[in-house]
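Below, each structure is written out as structure tokens.
Two complexes, one shared chain (chain A), two partners (chain B, chain C).
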Partner chain A sequence: MVNDRNSFIFRSLSTLLVILVINFFLPRMMPGDPFSTTSADEVGGEIIVMTEEQHLYYVNYYGLDRPLYEQFLSYMKNLMTGNLGRSIYYKMPVSDVIMLHLPWTILIVVSATVVSTISGVVLGTLSAKNRKKGSDRIMMTGMIAFAEIPSFLLGLILLLIFSVYFRLFPLAGAVTPFAHYNGPTDQVLDILYHAFLPVLTLSLSQLTGVYLLTRNTLITVTTKDYIRTARAKGLGEKNVWIRHALRNALLPVVTRTGFMIGIMMGGVVLVENVFSYPGIGMTLRSAVVGRDYPLIQGILLVIAVSILICNLLVDKIYGKLDPRVVI
Partner chain B sequence: MSLLKINNLKCHYLTDIDTVKAVDGISFEIEEREILGIVGESGSGKTTVALGIMGLLPENTAVSGEILYRNEVISSLPEPEMNRFRWKDIAIVFQNGLEVMNPVLKVGVQVTEPMIKHLDISPEKARSKCADLFRTVGLDPKWMDSYPHQLSGGMRQKVLLAMALSCDPKLLVLDEVTSALDAFTRKEIRDLLVDLQKNGYTMLVISHDITFVSSVASRIAVMYSGKVIETGPVRDILVSPLHPYTRGLVHSTPDIFVYKDLWGIPGDVPSGDEFEGCPFSPRCTQRIDICNKTSPVLVPAGEGREIACHRGGIAGLLAAKNLNFSYRLPDGEYLQAVNNVNLEVMEGEVLAIVGQTGSGKSTLAHILADVIRPECGDVLFMGGNVFGGNYGSRFNGIQIVFQDPFSSTSNRFTVLDAIKEPLYINKIGSNGDRLQMVKSALELVRLPSSDNFLRKYCGELSGGQRQRVALARAMVMEPKLLIADEITSALDVSTSANILRLLKGLQNRRGFAMIYISHDLSLTLKIADRIAVMNSGKIIEIGNSHDVMLSPSDEYTKRLVGSRIGLCCHTH
Partner chain C sequence: MIKDTDASGNAGILSFIQALNINKTNIINRVNRIGRVNRIDRVNRIGRVNRIDRVNRIGRVNRIDRVNRIGRVNRIDRVNRINKIVSSVSRPFSRFSTEGKIGIFGILCIILMAVFAPVITTYSPQRITGDSLEPPGFGHILGTDELGMDIWSQICYGARMSLTIGLAVAFISGFGGGAIGILAGYIGGYIDQGLMRVIDVTMALPSFPLLIVISAFLGPSILNVILILVLFSWAKPARIARSQTLSLKKNSYIIAARNYGAKPFYLLWRHILPEILPVLFVLVIGISSHAIVAEAGLAFLGLGDPTSKSWGMMLNHATGFRSIYFTPYWQWWLLPPLFMLIFLLLCLAFISRDMERILDPKLKMKKGF
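What follows is the complex of A and B.
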């Protein structure tokens, strides 16, 4: 047991180290540096053109002219003390920038996970119960066709239909700008209103996976002997399906949910940009455009760590759900 | 009133490719407090019957006929209606498999679950009842809180039994409950079942383990290919099976014939639904024309037995009545070598005749083979008289293989000539056909059929090879009855073991009957179904080989058995 735990910690730490190395070197392999950007990203922003002197000054100021390994070591040293560095673009600590935007991302990722898992399980169960009947066939074909649409394209279509054409939902942002709320309920509603389309897009992109997994696992599980035993006991269809079939079929779905959060952390970058949603995905984009190395590193690190944490959690939960697994 | 009655039940699995007739028109009844056993090989449809009774057949099953529980038809009830009967009236004990219980629920929960549902009791009460049940089946209640994968196979089987008993059902269906268990646990379960029956349970015990079934059941139904082919009281079925299949099953059971080598029933169940005849006919040694055309129905055979066989069960092949034969000695006295012998040989059976030298065994064999004529008495073979019947010179007749291969095959004959001889004498086939027949006979006895070997002279062969040539000469006539007269006594131990296994293998595969004459008791015990003991020209004891050898009733047999020389380390 102790050995297992140690090796688990060792594995996590070495994974983290690899991620840190990649995080550090990848942004620096892009052409240009934080000070060679000459265009402002936002419309109407000031266009700053630096002189050669100014450029060198800034490069020197941020220590970017030092050898790479020295920069890496100092990055690691700072990281040990919890210091992620300062954002060049935002001119504030990276951790502050991330704390400002991360909650929005967490909001839509978690909501999308909950929505897609629940609806996927429900639809998968319905499909499995009506296996080989018309409703199952239609649902299955539809879902598979649907899964082929990339999430950003889906987001664009939803945005065009619901926000541009029907004007049902906002085009951008997480809250109505300059709004005055009459109490917290209003505020929550406004946040949900803005989050609706991004969450919907993310959920839809994950729905098919959950649906297919639930349906197929359920179909496999219902051929198991213990389902026959449960039926023989005369427990009633509802009991058989929920207590015996679904309880077992959900085990792989739980595992999948963990991976799903990881996949969504990647997908959310695109979706946030489509909806101009102020999460870390949008921030990452502007950081990349501005070659804001410390910020890129910080955000990628947060994404990587959250994926690691999710996998860890899934393992723990699985151990609780399936007595055959010892963690 | 019978508790459960099954009327012409048919369960056909419809697949995309074909229809599998798992159960094809069976009927039986179970009286209250009775234990009925169903035996049969895997694939005979036993489990389908069990699932049919529980209403658990898969959706692609076409079910016809009816199942009545206390005169109420339960075979066509919709699911919710069927749930009224399940567990409260009829419960099933499945074979313990790793996945027969829900892997993520504690076993205690799975046992209490039906009680809470059907008996309307509180979870606490159900739990305490569950603990009682665990004690009943011989399990410590502490195991209630473990998961199925934490239990051994035997413990799981006990939990399944406790689960089935939880709602006090009237009828217990037990499907292969001991198949995967060790001997000790198997005995425990058996004792438990016997106790339960005393407490008023009615049971249907389904298993391929005929020993287990016969130790608990009072009546047995033998299933084959979805049909019941024989039913009757346990003792009768075991001692004198009527159907050739039942005999095969009994003979394949090591617990019944402890010392005999195991020989399964050769062949397989016919597949495909086109076949109209008796499903056992491809494997049957006594089939006649009608067997391939129509399927026999179950008819009463007296003494509470029923059988489905066109020939009315295992048919007699040879019957000898009042045989007498004397040799005239040089001093003018007569020696009664065969004294009023009556004998019957059934289809496909191995009858051993044992006795000391000079007891008249060989003389009897020679009379049966029509080598010598008796003073009086008759021998009937398949209804015809052996004397003058020329059964030795016909196909499917009687052939004899003698003790000494060196005198029974001529030194100056080539292998080909020796084996071809009966065909030549009886003018059977053209020369080409004969060569072919000789070659296949050689293959049967595991000798090379190369031209080189065929040209060898018998004098060049070893004793074992020559006895095989003699055997091949008999086999070339495809006998229905083979008389083997001390065929291994002239051979060394290893060669005789090889010959014997070969002979028994041939007999098992080709299905001929055999009279095996020997003075070697240990060998006979390995191959014989029945043993006749001869002394001074009389048959003094005849019966099931293990009964005769292990518990002889006649004084002479006792002495004969007792005279075996044991190895120094054995005490007999």
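What follows is the complex of A and C.
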């Protein structure tokens, strides 16, 4: 187990290193000067023209006139001090731009994780209890078909149904523009109202995984001896299922949650664009359209690091939940 | 032990052929041939479960016909190979469930649509042939987009794009990654260890954000998209092919064949690859649907090839149109590519699910809970 954990940390670290290297070499691998191409791309009708001064700043910032190893060292030094460079489009530090948008992404990803985990566990338990009945088979077929639709297409469908056809939910944004709130409750309600569809989309796309995992582990767990013992002791069905079966079946679900966040960070980029939700996914798209390279690199780094942190956290939590795992 | 199976195999075939009253010279010819290394391999392999199936089937009429015809060695090989291919295609098909058959039918429809796109459309997808945003009608079956281009033509030609990217990525990364995995598993040692580390890191990378960033830096073109997708999807087939090779390598029939002097390439080609190929096929279908989703996602973000008309590009244009949701235009502009993408992905999913079930009987039992 110790060996396993070492390899896990090694893997995370080497993944981070690979991302840093990709981040470092990509702009340098481009033919010519990456900053000359920024001059005349339009963003929403606005034309960005880089002044000679700015151009010099970027050449200087990336140290393109120095040898490669020196560039890499200074790049690492900048990262360690939290300096991600300046965004060309927003004309402010990249870290500030990311901090402005990251909370929205965290809001929908975290709530989608919570919603899909809870509902997946509940549905999985129901399904495992009623297995060999018709309702389980219907649920399972429906869930599996659902899982094959990628999240952004699902988001488009939900948007068309709920926002365009029934006009129940807003088409875009995270808050109502120019709204005056009567109190904090109003504001929270408005934010929830806008976040509803993105969260629903993300949760639905992740639901099947949790559901199937819960169902299958529960079915395996219920064949174990300690379940028979619990029944033999005369415990009620509810007690047996919740205290003895579900508790043990939840362990793999916890691990799954970590992976889920990783998958969702990829999907959220597209889903945010479907709902025009102002998280880092939207920012990434506008940065790509505007060829805002420092911002693109910064966002990639933030996404990668957050995925790695989630994995590490899950690893720690797992150790706490299952004492058999030696840390 | 190897000699025993060999002898009993020969005896079995001898008595079998004698029972059929076949010309004597033929028999001797064949038995002599069997004495050679490649034949012994085959007999040894018959000892395994899936091989017994094959021996039983020899008893059937079409097989007897084949035995009579065997006069020359290359004949045997050729017939064997053709039979293998035919049975590997037709046998699973009859075992597909209704869903799987629907999936295959749907994929066939889409492939036909893509191949015969110039025949079934009247307009070019790149040319302005009507008014802007015409609703579906006689002139344009599915209406036109904002520039007046026919939507039905765009859908048909877009199928080419999705299928090309899906198939290209799947085959390159599926079989390329599979080959790398087989070689690493067979060679073992430091090469294997190193490759495992590379695979671990590749699988831990956040693929979609990296895809966006790399294609933003490299510029949008079909070739770039294919290359990047291959870069991110070779790891899974490589890992599975490696672990399968490791377990196959220990089988006694492979050790026996090696002791008879079989070269590594021969072993990999004749014994290991055929066993891994079905698993790789299932993976290829999965990878192709991933690639199609990724391409559609990239195009949806505006990172697809701007000169091509793919379904993702259509979604990008339609959602980029300012007041699309406040007008009825979405009904014929946004819905068709959306529907086609989902339909294609569902078909692929049905097929891969069914193939998994057919190839892995254990999984079937699990599902039958």
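Definition applied: the second predicted complex is superposed on the first by the 265 of 327 C-alpha atoms of A that agree within 3 Å, B and C clash if a C-alpha of one lies under 4 Å from a C-alpha of the other, contacts with A are read in each partner's own complex, and residues count from 1 in each chain.
Here is the rule we go by: contacts are C-beta pairs under 8 Å (C-beta built on N, C-alpha and C of every residue); 3 or more make two chains touch, one makes a residue touch a chain.
This structure is a prediction, so every number in the text was calculated from the model and none was measured.
Student: Quick check on the chain A-based superposition: chain B and chain C, clash or fit?
Tutor: Taken together on chain A, chain C would fit alongside chain B, as the superposition shows.
Student: Have a look at where A:N239 lands relative to chain B and chain C in the superposition and call it first, second, both or neither.
Tutor: Touch status of A:N239: first partner only.
Student: Should A:R231 be classified as contacting the first partner (chain B), the second (chain C), both, or neither?
Tutor: Once the two structures are laid over each other on A, A:R231 reaches chain B alone.
Student: Looking at the overlay, does A:L126 come into contact with chain B only (first), chain C only (second), both, or neither?
Tutor: Neither: A:L126 stays clear of chain B and chain C.
Student: For A:V164, select first, second, both or neither according to whether it touches chain B, chain C, the two together, or no partner.
Tutor: second
Student: Is A:R247 in contact with chain B, with chain C, with both, or with neither (first, second, both, neither)?
Tutor: first
Student: With both complexes superposed on chain A, which partner does A:L321 reach: first (chain B), second (chain C), both or neither?
Tutor: Once the two structures are laid over each other on A, A:L321 reaches chain B alone.
Student: Touch test for A:I219: chain B only (first), chain C only (second), both, or neither?
Tutor: Touch partner of A:I219: chain C, not chain B.
Student: On chain A, which partner's contacts cover more residues, chain B's or chain C's?
Tutor: It is C that touches the greater number of chain A residues.
Student: Specify the angle subtended at the CA centre of chain A by the CA centres of chain B and chain C, expressed in degrees to the nearest 10.
Tutor: About 60 degrees, rounded to the nearest 10.
Student: Touch check for A:L313: first (chain B), second (chain C), both, or neither?
Tutor: neither
Student: Between chain B and chain C, what minimal C-alpha to C-alpha distance in angstrom results from the superposition?
Tutor: 11
Student: Can you list the residues on chain A that touch chain C in the complex?
Tutor: Residue positions touching the partner: 7, 11-12, 14-15, 18-19, 22, 26-27, 29-30, 34, 131-132, 144-145, 148-150, 152-153, 156-157, 159-160, 163-164, 171, 216, 219, 262, 265-267, 269-270, 273-274, 284-285, 288-289, 291, 293, 296-297, 299-300, 303-304, 307.
Student: Along chain C, where are the residues that touch chain A in the complex?
Tutor: Interface residues on the chain C side: 197, 200-201, 204-210, 212-214, 216-217, 289, 293, 296-297, 300-303, 315, 319, 325, 330, 334-335, 338, 341-342, 345-346, 349, 353, 366, 369.
Student: Which positions of chain B touch chain A when the two form their complex?
Tutor: Within the complex, chain B touches chain A at residues 51, 54, 56, 79-80, 82-88, 91-92, 94, 97, 99-105, 113-114, 117-118, 147, 149-150, 163.
Student: Hey, which residues of chain A end up touching chain B in the complex?
Tutor: 224-226, 228-237, 239, 243-244, 247-248, 251, 321-324
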